[in-house]
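First chain A sits with chain B, and in the next complex the same chain sits with chain C.
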Partner chain A sequence: MTVPEVSGTAARPRAQTRPRVRASAHIRRRRRLGWLFLLPLLATNGLVVFAPSLANLYYAFTDWSGVGEATWIGLENFERMLADPEFRSGLWHNVQWTALFLTVPIGLGLVGAFLLSQIRRFQLTFRIIYFIPFVMASTVNAAIWQNLLDPDQGAGAELDRAGIGLLAGVSFFGDPDLALISVAFVDNWHFWGFLVLLFLAAMQSVDPELYDAARVDGAGLWRQFWHVTLPGIRPTLVFAMVLVTIWSFLTFDYVYIITQGGPAGATETAATVLYKTVFEYGEAGYAAAMGVGLSAITIVLLLGYGLLRRLGWQI
Partner chain B sequence: MSEPASTQFSEPLPRRAFLARTGQTALGMTALGALLGACGGSSKQGAGGKDGPQRTVGPAVGTVTLWYTIVNEEQREYYVRSNIEEFRKSHPRITLKASQKPVETADRVTQTALQAGSAPDIVIASGVAQALKYVEADYLLELDAYAEHYNWPDKVLRWALDAGRVDGKLYSVPTNYETIVVFYNRSLFEQRGWHPPNNRAELEALAQDAQASKVVPFMAGNAEWRPATEWFVSAFLNHGAGPQAVYEALRGERPWTDERFLEAVTLMSDWFKRGWFGGGVKQYFTNRFAPQYAAFAEGRAAMNLEGSWAFESIPGAFEGQAEWDWFPVPPLLDGAPSDLYSLATGGTMSINARSEAPDAAAAYLDFQFSTPQRVAAQLAEVGIAPPPVVLERSDFPTKADERVLRLYTSLGAATSTGTFGYTTWTFWPPRSNAYIYEQMEKVLVGDLEPREYLEGLDRLFRSELRRDRVPPAPPQRS
Partner chain C sequence: MRNRSGIYAALVALALFAVGPLVVLVFNALKTNSEQTRNPLGPPREPTFANFEAAWERGDLATTMLNSAVITVGTVIGVCVIAGLAAYALARLELPRSGAILAYLLFATAIPAQLFLVPLFFTWTRIGLYDTRFGLIVIYWALFSPLAVLLLRAYFLTLPRDFEDAARLDGAGELRILRSIVLPLAWPGFLTVALVVGLFAWNEFFFAVTFIQSDDKLPVVTSFLAFTQNFTRDWGATSAAGILIVLPVLVLFLGLQRRFVAGLVGGLKG
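Here is the complex of A and B:
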């Protein structure tokens, strides 16, 4: 019996098609399973993030006290927000806060990570020590620094009693000229250890041969850092800066715990103004507009970051 | 068990709510709708609230749910024993289900529950301003029929009932009431030969003498509670400009820029800048309560201008160290009355418009006002501020602290004559209230002049007045 040629050719596609059918069915099943696993998370996010966000967007265009009927007022809340001195002052403090956080903790994080990357012994110990403030509750961190910087019972007063009057009577959280930078300092102290670990992890992925080559070329530590380390961790650095900027515009906890926006509004940020607007002033519609405004800032930052990456920037 | 006492008042489902619910069901979005409702849905409960028919009182039976917010453990245990369990014993036909809520979030939780239609029968609010929001949204039941049925005008201090009225109808009653007085270190006063002052001149002389002898005249600080500044603003407005001027301003009949208010705010600012409160303006912003009470008890501070809630803290701080006492805030400007007490309510209670047992809920409210010995005992024994009932000396247990007893009997007697002050956190609308203490900080540090401060307050207050956000203020009657 001769096997017709055609049967061979006919058999080939069948043989090829079957696994493909099986494979695509398998992929579909796997995808379905994947979605099934994702479903609880998506449903939860839909309920606790997406739906309230939509509701927030709607209420941003209404006059609403937080209870009862909301009255549609179009863009009135946004017009008011742009002219609101309290919100603008809060936003200006956010800008100052961002400038502080883009320099001090980023700088400290880079230096700390670079120095740590140069040692082998006790590196883990230092990593833990640096990281401890980050895992401590913000209320605990804040309480520690409130006590340390208390003008009557803190370090300044103790030094004064020991004859060193440098910080005597300095009211870090009570002086409107010092309060914002003092609160930012506390938040910095809690945050910079996280950046050390982030940058250290990035630095450990930089090719060691690049350092060897730099050393052969006579580069010292600073030139190695500037010409090898920084370019090597640039994506991580830029990403950290974007995150720091976003978080700086949303900052709330340390300000609220330590000064509640005072004294005399010196530490008020956009988020504390928003919180007070809804929970103290009972103007939930207006607060929703502030929330939309803050989200818009974040979205613009992320879009800018994404755009630069698409344009080929290695960040 | 529950008799449908409220069925005669129930209304058909409003058209808007009906459409919303059927629409949601059709779309299978009930869960999302409930969430949106919890996030602030706009559906009205509309079950016999603001525009409901005239209520007639039925038998007090059924199940009543209640949320309460007492933080202090000793007070909470006492409250459960003397209030909740006593009510259950005396009202066997009513099932009272009570649960505690954190005081910081009670308003938010209640607000969400009201919107979601799952609020308790007794609706608590942090003050009349918050209760006013619920009235506007039709969440609360009118209480006039109950007030008449239970004869509340004879049991409850008149100002308290007036404070709960909106457009002449009663919607809320205060859970407790407090006032601002000057506590002083009696041992220190005796040691220095000082006497409680009766007027501004005497108070100023005392403060100068104290400061000269390195004693801070008033312990004060707002590091832990930024609104603490409004205690002082309330005192200076009422005891400086006078309660009648404040009442007229609250009614919109007198501007906040009036010279009397300007004089009062300027005086407060001057005293702060002299370092009489907390040792200085910058220190004031960082002073915390516990060290301040310690300084007060140790004689490093002479006086404390604070609310009667300080009865909870002062005895403990002074124990074994010194004796303390109090005197009413003296008149701070010419023309202000002496023996004046500014009124503050710690919270309000109302009945949910959707309650299935409103008559039983009203019986619980009445229980608060019908047992003066019980409330006097809870004040004397654990310091729970009493509801606004007339308290006689004979209502207090024999072991009651004379100073506590004197304050509440004096307060009741003074306010029943119809002369009382208005605290900013009770009678000001929300935004103006926050302005009072937040912007006053700017006056204290010199960023804002008192006149500019009052101009800003006047603008804000008038905008809230136009929007009906000003809580009802009981009138002066003297």
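Here is the complex of A and C:
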């Protein structure tokens, strides 16, 4: 097994005089094997993701119903989409969802991670506890909060019995004014612990001397956070915000589980409208166009982020 | 030092926010329905395990748990094979244009499901993979492999090449090198991938709810949705079912988290 260095240097001239054909045949054989090893990956990805994505680009310009013939109708689906009140209202909810998610979970994640970075004892325990909701299934999380926020059986009713009537009879998921923010709250509860771990890892690689210098200058916790921590984790923070924005425009699970887009369309998002368009209205071509529109948002965000970084922006 | 207690108070408040609802779930699973209406949030006065039995029977958890186990194990094994081979090729077999492949994989982890859902659904229906567990597993292979390749490739690159090169000089084939030299060294990388992919597969909702319809094939996560809608009045049994669904994941996560961190701390010391 051992290859002494001496024999390595001694073998070099011999390797050079060796016939070239054999070496390149060896490399070619390894490359062929390499492609063979890649084949299962490329085959599954091609079958499930790549080919259907290309087909989707075509169907977006047709009146396809999902079965049978598809007739080319040009940009009709896209024109319809831009004027469709249901899709526009869904997208508007996505915008609100994005605003909520760029503030609440990002804020909780930053606060949680910063406080954790200040302590040693129990740091691991808190980290595990914060991460627990993230590993739990969405349908279970939804059921937990549907019970806790139930107008008759939940926390509001319990508080009312204790003399605090503030939340009594409030139907968080049934009131059109509250439903979207309530569903987003449940998703946020599930998600913020992930950001704590992400931010904490970034904070732990900030140079401790910067904190020492700030403390020598008399900076308290808040000023240390603002002047040392935030600049120190900026790349991670910006990346997290890009991801959160992308995911917010695709959000589906919690809305579909808790309200199915109701009451009266108050929680409909672009993704739930797309889902209804194909599985309830049977308009596969139109839904394909919506898919292209939604993916365009993702791609523009990713390309913009990549481009700015490449241009040397410190984000 | 003055503000240490303030920090701990804030951390405890966040911890209560994170697991308080889970504690209430456990309380409710241990209450009878008559106690539930009198005492909806507090700890049970006369704990009972009857709800778990009811949940297991009425939710047909024996079937759906098995479905989830089959789907999760099938996904994990498939992804480890598919991604292990691909990551080895990208890390060790000096492929031309491997940069382009890596860029595509990075991009593939970000492609929205909405871009390919519609044609995929009708293709799966046409070729008989719709409403089969295998059909869902194949979708998961494709969805989770790109991330697994990136993780495993990074792990392979940290492994020393000396043993492989020596074996190659001895004339061992690549498959044998992969099996008897790389795999024994790379198992921590595979364990990480298996945990992450297993968690995703067990909890996945969007494709599971779209591609599996028959009651006898549903995984627990989507069958639980039907359960909550059918038994809205029986919150005790619903809570018990919810606990049974998250329990395997929590046990695995809590158990391996400790081990993972112990390894990390030991590595820092060493």
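General observations
Going forward, the second predicted complex is superposed on the first by the 277 of 315 C-alpha atoms of A that agree within 3 Å, B and C clash if a C-alpha of one lies under 4 Å from a C-alpha of the other, contacts with A are read in each partner's own complex, and residues count from 1 in each chain.
Definition applied: a residue touches a chain if its C-beta (ideal position, glycine included) is under 8 Å from a C-beta of that chain, and two chains touch if they have at least 3 such contacts.
Fair warning: this is a prediction, and the values are worked out from it, not measured in the lab.
Within the superposed three-chain model, A:27 lies in touch with chain C and out of touch with chain B [touch as defined at top]. Comparing chain B with chain C, more residues of chain A are touched by C.
Of the two partner chains placed by superposition, A:273 touches none, neither chain B nor chain C. Contacts of A:67 after superposition: both chain B and chain C are touched.
By the touch criterion defined above, A:240 lies against neither chain B nor chain C after alignment on the C-alpha atoms of chain A. When the two complexes are overlaid on their common chain A, residue A:292 makes contact with chain C while staying clear of chain B.
By the touch criterion defined above, A:55 lies against chain B and chain C together after alignment on the C-alpha atoms of chain A. By the touch criterion defined above, A:47 lies against chain B and chain C together after alignment on the C-alpha atoms of chain A. Once the two complexes are laid over each other on the shared chain, residue contacts for A:284 go to chain B and to chain C alike.
By the touch criterion stated above, A:151 is placed in contact with chain B alone, chain C being left untouched. When the two complexes are laid over each other on chain A, chain A has residues 47, 51-52, 55-56, 59, 66-67, 146, 153, 279, 284 in contact with both chain B and chain C. Contact residues on chain B toward chain A in their complex (touch as defined above): 31-32, 35-36, 39-40, 42, 44, 107-108, 111, 114-115, 129-130, 133-134, 136-139, 222-223, 226, 281-286, 288, 291, 430-431, 433-434, 438, 441-442, 444-445, 447, 469. Contacts from chain A toward chain B in the complex involve residues 46-47, 51-52, 55-56, 59, 64-70, 146, 150-153, 171-176, 179, 259-265, 276, 279-284.
Remark: chain A residues 1-3, 27, 30-31, 33-35, 37-38, 40-41, 44-45, 47-49, 51-53, 55-56, 59, 66-67, 108, 111-112, 115-116, 118-119, 122, 124, 126, 128-133, 135-140, 143-148, 153-155, 157-158, 189, 193, 221, 246, 250, 252-253, 256-257, 271, 274, 278-279, 284, 287-288, 290-292, 294-295, 298, 302 touch chain C in the complex.
Across the complex, chain A is touched by residues 3-4, 7-8, 10-11, 14-15, 17-19, 21-22, 24-25, 28, 36-37, 40-41, 81-83, 85-86, 88-90, 93-96, 101, 107-108, 110-123, 138-139, 141-143, 145-146, 149, 162-163, 165-167, 169-170, 174, 199, 202-203, 205-206, 209-210, 220-222, 224-225, 228, 235, 238-239, 242, 245-246, 249-250, 253-254, 257, 261 of chain C.
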